[in-house]
Structures are given as structure tokens and as C-alpha cells.
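So that you can tell them apart, the chains are marked A, B, C and D in the order they are listed, and the count of residues begins at 1 in each.
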Amino acid sequence: MIDKRVKSIAEAMQGIKDGSTVMFGGFGAVGHPAHLIDGLIEQGAKDLTLVGNNAGSGRVEPLVRLLAAGRVRKIICSFPRSAGSVVFDELHKAGKLELELVPQGTLAERIRAAGAGIPAFYTPTAYGTALAEGKEVREINGRHYLLEHAIRADVALVEAYQADRWGNLTYKLSGRNFNPIMAMAASLTIVQSQHMVELGDIGPEDVHTPGVFVQRVVHVPYGGPASNLATAG
Amino acid sequence: MTATAARAPATAEGVKPWSRAQAAARLAQDIPEGWCVNLGIGFPLLVSNFVKGREVIFQSENGIIGMGGLATAETIEPWLVNAGKQNVNLVKGASIVHHADSFGMIRGGHIDLCVLGAFEVAADGDFANWTTSLTDGVPAVGGAMDLAVGAKRLWIIMDHTSKDGRPKLLERCDLPLTAPKAVTRVYTNLAVLDVGPQGFEVLDMAPGLTMEELQAKTGAPLRRKAS
Amino acid sequence: MIDKRVKSIAEAMQGIKDGSTVMFGGFGAVGHPAHLIDGLIEQGAKDLTLVGNNAGSGRVEPLVRLLAAGRVRKIICSFPRSAGSVVFDELHKAGKLELELVPQGTLAERIRAAGAGIPAFYTPTAYGTALAEGKEVREINGRHYLLEHAIRADVALVEAYQADRWGNLTYKLSGRNFNPIMAMAASLTIVQSQHMVELGDIGPEDVHTPGVFVQRVVHVPYGGPASNLATAG
Amino acid sequence: MTATAARAPATAEGVKPWSRAQAAARLAQDIPEGWCVNLGIGFPLLVSNFVKGREVIFQSENGIIGMGGLATAETIEPWLVNAGKQNVNLVKGASIVHHADSFGMIRGGHIDLCVLGAFEVAADGDFANWTTSLTDGVPAVGGAMDLAVGAKRLWIIMDHTSKDGRPKLLERCDLPLTAPKAVTRVYTNLAVLDVGPQGFEVLDMAPGLTMEELQAKTGAPLRRKAS
């Protein structure tokens, strides 16, 4: 019987090595596997390269505590600096945290490419900007494109809404974001899921991530991301 | 211009600059029913308040097609946020995709219009909106570069001048570009301008404003749009 | 009000020009928009380039009749020759129908690339084979890859299971196949749908093709593809 | 070897070649529970009959993950076909993806095993299975080239010799390649062979067969696999 469920976050995080590249899902707090990142802090792996959209804010959330603990060598992301990204700012200014800044769509496509066996592709994004520096330019049908390479990971940390024992997943609403493509792009995909369901409960047409992409699932019924009703522009 | 777009106070010279809401409403007038539109965070997001009665589909780059307004305490759904991480509602007919599909939609030319803010817009359509310095502090880029090259049209909405009165419409951008030759139209508190083959072309001006006054606040030559 | 529904197949096919590139969905008969291809025969456009997985079989089905009518200049596909592909074989042998043979995964990825704004990408598929002839080879991290270009279309013909007035679509089971990626890759995406549903009837997480990719929908409740219970290997 | 895999008749020399079903069953023995497996049309598809009692996930390149057996008149679902366009069933836990996602899964290395038939397999892992001629008639390629380079393991199942008795295991392929250096193991009616660094290594032979007899039917040097 295929059973990818593990009993604890500690078990889910076993074997992550120093020097690993670790992807984490989420767009802000939504679809972000905060409990697994907490588990990664406990687990102890260091010299990590992180791949995700944001670099966290405040000083309390697990992603920020992982950074603050000096466990991350480099972060690949599109939006490191935001209101409250104080720890990232401090570490980066102090030269203690390398940044590879990638436009959000290029980041998503590079991750998807890794999962889909595409080593590199051309994109119009960032041509003619400072982020094109050092990148190969190619003209195709009169337009200029940059060559971008796939980003593979050793580990992907994913938040799902439902999971079954095969690792079939669904995501809730905009919690989907980077999670499905990261699940494809890593050798070891670890999932925290709000709900565990029986095999077959997710209809074949409703599976967002086939279990083939998933190695471990842990049940984390934490209730959902904090709300943000702020109306500020 | 709708009733909800409150007028900004007249200036000393009798010119009545448009308020942010008025500029957003002016832009919204030019969005036909049926377009799929991505609005940047902040000023651009105001545009969504002024398309009532028409079906315009708002896309958010985190994978929402058919975004409604900001959520209220009654409608809140924790797993549903816009690109600014604010909780939002969905409209009937909405759909959800993952990030690679969302940016595939954007980069693939399936978004009719993207509206962004900017620090600077140049007469050839270059624009800068992602960082004021590559050396001082850490920039964030987000999805702006993808939206700029991918959407069928890129319109900028911004104040005509900076807080200290310097023109933001220029011959050339000084700041690091978000994308070259991308902007097709600019909406400010003073004017609506197309980026034409010879530079900025004025389509509309705030009440009481003359071309001379507008030119004085603009860092590149203006001409009237041939009608 | 956005309303992409049209009343007839004839109306759906309006404006397709001679010389167009036309994609058609389907893997065999499943998810194949046979009624729209019938409509294309009626509509009259010629000198077409077709893009799809198969080249039809027998002499009766619309795809084969379109070929037999001499309306197709070239076909880009992965599996033109199969038991019963007599019309394709005849035309191709007679030099009346050009073939671009593309491995199935490369075909799918080239179509997806067009829809996603990726002009070209590298793939390991077909490296070192006769199908690599004339293609650029690049070594990336010690492995060899071919450069492949996006395939865009003027028109995509798609079969859906459900559609609403915005053009939001679902596909049934393996009827999904090439349809979602073709819907993204064409300037004019025309859909024949088994069922028309009200806006909102398809849940936001259940839409397979957002309506943004669709221009016209026509209701064709034909009942489904013919079954094939054959057990032959 | 299961009871359902009927034995082929013994040859004149006392050798008992495996039947197609026996070869398929022999291959199936080597598939551990939990693998995701893509089976080619024809001979390879027989393998699915011999994994009963273990959860093995069968993928079909037209977007099915979790394929069951062939459909019957009772279970038929017209919108569900395998890569050979035969109607099939789904198992509990199955999922459906579109063609680009299906081949992303294949090319991206997420399929544990692909089993294909072949015309020829070479001692360095080259193989040919898609066309016997590039000039005579029109070839079809389908998904074989993607599967060959993408799956974690490529096993070939085929008769050891052609119908006219010529070896299909060769030093080099004569026919147009499907992929270079792709095959890792071969199952025939006479033997199971690994493609090792020095060529074919015999893991198992049909009852009564000697290495000399097997070598006589093989177009490349054989050695026993070191155990």
C-alpha cells in the first residue's frame, strides 16, 4: 500500500541536508507552509538556499526566524523587500544573505521548467533592464528575449488544503499559487495539509497536484492564514 | 466621471487637477466591457471602483481571474488575497490558476490591459517603477516586469509630478527601467497622454489647464493628439 | 455583458482566413471537436496548416474529409500514421500534404509555450535522433538538448464538456488532452461544448480553461465520442 | 511468475522460451509497490495484468495517472481512453492532467519506469522503436522519444529475435534511433538483461537455455551479471 502520510512534522523533515535548496510555497501567508518551516528550524539543516516569492516580514514568523538564525546562505525570490521585511534587510545589508532577485513570472516559469524537464527557456521579461545583466540575449522573430534556466530544489515545502495517502493534493483558492509547480520541481516534496481525506475522495478531475509529485504528507489542521482586511492602497 | 470620484480642490491658478479617484475614474471610462485587466497595487487598484455596471474581468497575478472588491468582515475568506495580500472577494465566473499559469496568461498576451504606477515614464514608452536605486537598499521587483512586457496594453496612472514638483514624464528615464518601450498611455492628475511614435500626445487635460501649463510640468515635448 | 456564445457552428467559424494555422484538440476521438471541423469544411478556408496529435483515420470523419478536400497544405503532428490513416498516407505520398513530425511531448510543450509567451525552449527529447536534424543543439550541465520554438495558431478548435457565457470551460476525463493548451495558443479560440451552464455553475477551483482564453462557444450536445472496447494490443 | 501467465511450449532443444505473458509477468515481478509506470502500446501493456495486489500507478501520456484495466461493456466511459485509444477504467486515487502537464511529468523525471517495445536495442542502450524507414512511407513518433529520455528507467520488452530469426539485441542499431543511451534493461522471451557499462549483462534466462544458445541468438557480446 502506498502511504505517504507521516505522523509528525519532525518525521516529515527527516534527512534534509546542509547545503540544500529548499522551495517554499505561498504568496504572503496564503498557501505558505509555515509549520514545515518551523520544523526545518528544529531539524537543523543549515547553509540553505531558499526559493520562494517573499522573504517574510516582522520577526516572529518561521521564515524570518530561519533567516535570523543564520541558516540561509542565499534566497531566490521576487519580492524580498516589503513593509516589515526587517530581518531580510538587516542580513542582506550586512552581507550575510545573498539575494537572487527574479521577476515573479520568470521565477514561476523557472520552477515549472525544472518540474517539466525543460532546462532553459527564453522570456521577454526583464530584457533591457538591470535584471538582464549577465544573461544571454537572443532575438527571435524581431523581439529580444533572455535565456533563463530551470530552478530545481532538493526539497519543496508545500501547503495543501486536502491530501490523501497517495499524496494527491488540492489547494484552496489563492492558496494554490506557487505550490503546484514547486511540488514538481523538487526531489523531496513535503506537504502540510489542512485536511486528510480518503483515497478517492478527491475526484480525478479535481486533483491539483497528482501524488506522483509528493513524497511526504503531514496533517497540520491549523485553521488557515491570518486575514488582512486592510484597505490601504 | 462618476459621482463617487470627489473633485480635488482647485489650485491658485484656477486649474482643477483631478483627484486620484477622478484620474482612476477617467481611466476606467476607457476600459470597454469584456476586457481582462490587471491592476497594480495602490493607485491603480482604485480603477476597480469605477467600472460598475460593465463586466470587466480583473486578474490578479497570484492566480485569480475574476477578482471582486476588497473583502469585508462578512465576506472574508482567509485563502483569498490579491497581489497586495489584501483579502478580496470573487465575482461569479471567477477562476483560480497556479502561478506559472497565471504568468503564462500575462506573458502570453492574454491580459487586455495592465495598469501600473510609475516613478518615471519616458517619451518612447520606457518606464521605471520598481526601484529608485540599485545600490541603496534591497529592491523588490514582483510581477511588474512580466506585466509590462506581457499585457496587450500598459497604461500608467500616477501623479504628473513628484512630491517635490519635478516632472515624472521625461525624455529619458533616469531610474532603472522596468521595461523598455512598454507604456502606451499615461493618466495623471493633470492629463491623459498617449505614447505616440513621436512622443507624448495629449488626449485630455484637467479643467482649466492650458497646454503651456502642462508643458511646464512635463520633462518632454507635448503635442496634441490628432483627432 | 460578456457573452461568447454563438448560435450556430456557421457563426462560430466566421472569418477564418485562407492560409490560417488551425489547431484542433483531441487524442483520437476523445476531446476532438469534430463538429467544428465539419464547420470548417463548410466555411471554406483553404491552404491551411493544421496542428494536432493525429491525422485522422478512415474516409468519413471530418478531419479526413478536410484533408481529402485538398484544403490543408501542411500538418504538424506526432502520430499521423495509424491503422486506417489512408487519406493522410495517400496525400503525403503524392506530395500534396506537407508533414512536420513532432514528438508528442515536444508538440504539447511548443503549444503551451506559445500560450505562455515563451518563444523557445530547450528539451532533451529527440536529441541524437533523425528528428533533431537542422535543430540547434546545446549542452547544459553536461546533457544535450534541442532548441524548440513555440507554435502559435490563428484558430484553435476545442471540445469542452461544460462552458458558460464567459467561455470558462471544463473537460471530461481524458477529453482534456491538448484542449487547454491549444485554447491558450490561438488568437481565435472556438469551442464546441457538450453542455452550456450558467455563469458561476463551474466553481472557481474547477475551471480548467478560464474564459479569458476563449472567444466563441457553440453548444454541440452530440453525446460523446464513440467507444472502443477492442482489447487488441 | 503467476499462474495466469501460461507457459509457452518447449522448443525442440528442450528450451522453454517464455510466452509474452510470462515475459510480462517476469518484468512485473521487478516493479516495486509505489512506482509510477508508463506502459507502451501492445506487448508492454500486458505487464499491467501481473501487478495485482500491489499498488503500482499506471500513467498514460494522454493525461491519466492511475489507469486501471481495459473497460468492459459495464464500466465503459466514452471520455476515457489510454494511449492506444482503448477505453479504460480508473483506479481510486486517479487524476487527470492536460497534455503539457502529462509530458512535463514524463520529461521531468517523475515516472519511475517506462516499458516500451523495440525493433532493436544496442549494447550501449541506444534503441529503435518508432520507424523501420525514414524514406519508405510516413513514420509516426507519438510519445516514445519523450518517454525514452524522461522516465527514470527505460525497460524494453520484446521478442529476442525478429520473426525471421535475426537478433534484435545488437552492437549498434541499424534503424533510426528513438533515443541514444536510454535503455537500462531488456526483457525478452529468452532472457532478462541489464545494459551495463560494458554492454549486455544476463540476469535471467528461460528454462533450459544455455549462455551459448542465448549468445547465438544475440548480436552483441553477453556476460553474466555479477551478483
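In the analysis below, a contact is a pair of C-beta atoms (placed from the backbone, for glycine too) under 8 Å apart; a residue touches a chain by one contact, two chains touch by 3 or more.
For clarity, every value in this text was computed on a predicted model and none was experimentally measured.
Between chain B and chain D, the least number of touch steps comes to 2.
Note on connectivity: the fewest chain-to-chain touch steps from chain A to chain C number 1. More C-beta pairs in contact connect the chains of A-B than those of the other pair, out of B-C and A-B.
Ranked by distance of CA centroids from chain C, the top chain is B.
Taking the mean of the C-alpha atoms as each chain's centre, chain A and chain D sit 36 Å apart.
Computed centre separation for the pair chain C/chain D is 29 angstrom, with centres defined by C-alpha atoms. Multi-chain contact residues, meaning those touching two or more other chains, occur in chain D at positions 90, 96-97, 100, 103-104, 106-107, 150.
Those residues of chain C in touch with two or more other chains are numbered 109, 112, 116-118, 123-124, 172-173, 176, 204-205, 208.
If the chains shown are joined wherever they touch, the resulting network has some other arrangement, not a path, ring, star or complete graph. Working note: touching chain pairs come out as A-B, A-C, A-D, B-C, C-D. Listed in rising order, the residues of chain A touching chain C in the complex are 109, 113, 116-124, 138, 140-141, 143, 145, 149, 170-173, 176, 204-206, 208.
Across the complex, chain D meets chain C through its residues 41-43, 45-46, 60-64, 70-73, 76-81, 84-87, 90, 96-100, 102-104, 106-107, 134, 137-146, 149-150, 176-180. Taken together, the chain C residues at the contact with chain B in this complex read 1-2, 112, 114-118, 164, 166, 168, 184, 199-200, 202, 204-205, 207, 210-213.
Across the interface of their complex, chain D is touched by residues 27-31, 53, 78-82, 88-89, 92-93, 99, 101-106, 108-109, 111-112, 123-131, 161, 172-181, 208, 224-231, 233 of chain C.
Residue ranges on chain D touching chain A, taken from their complex, read 33-34, 36, 55, 57, 59, 65-66, 90, 92-97, 100-101, 103-111, 150.
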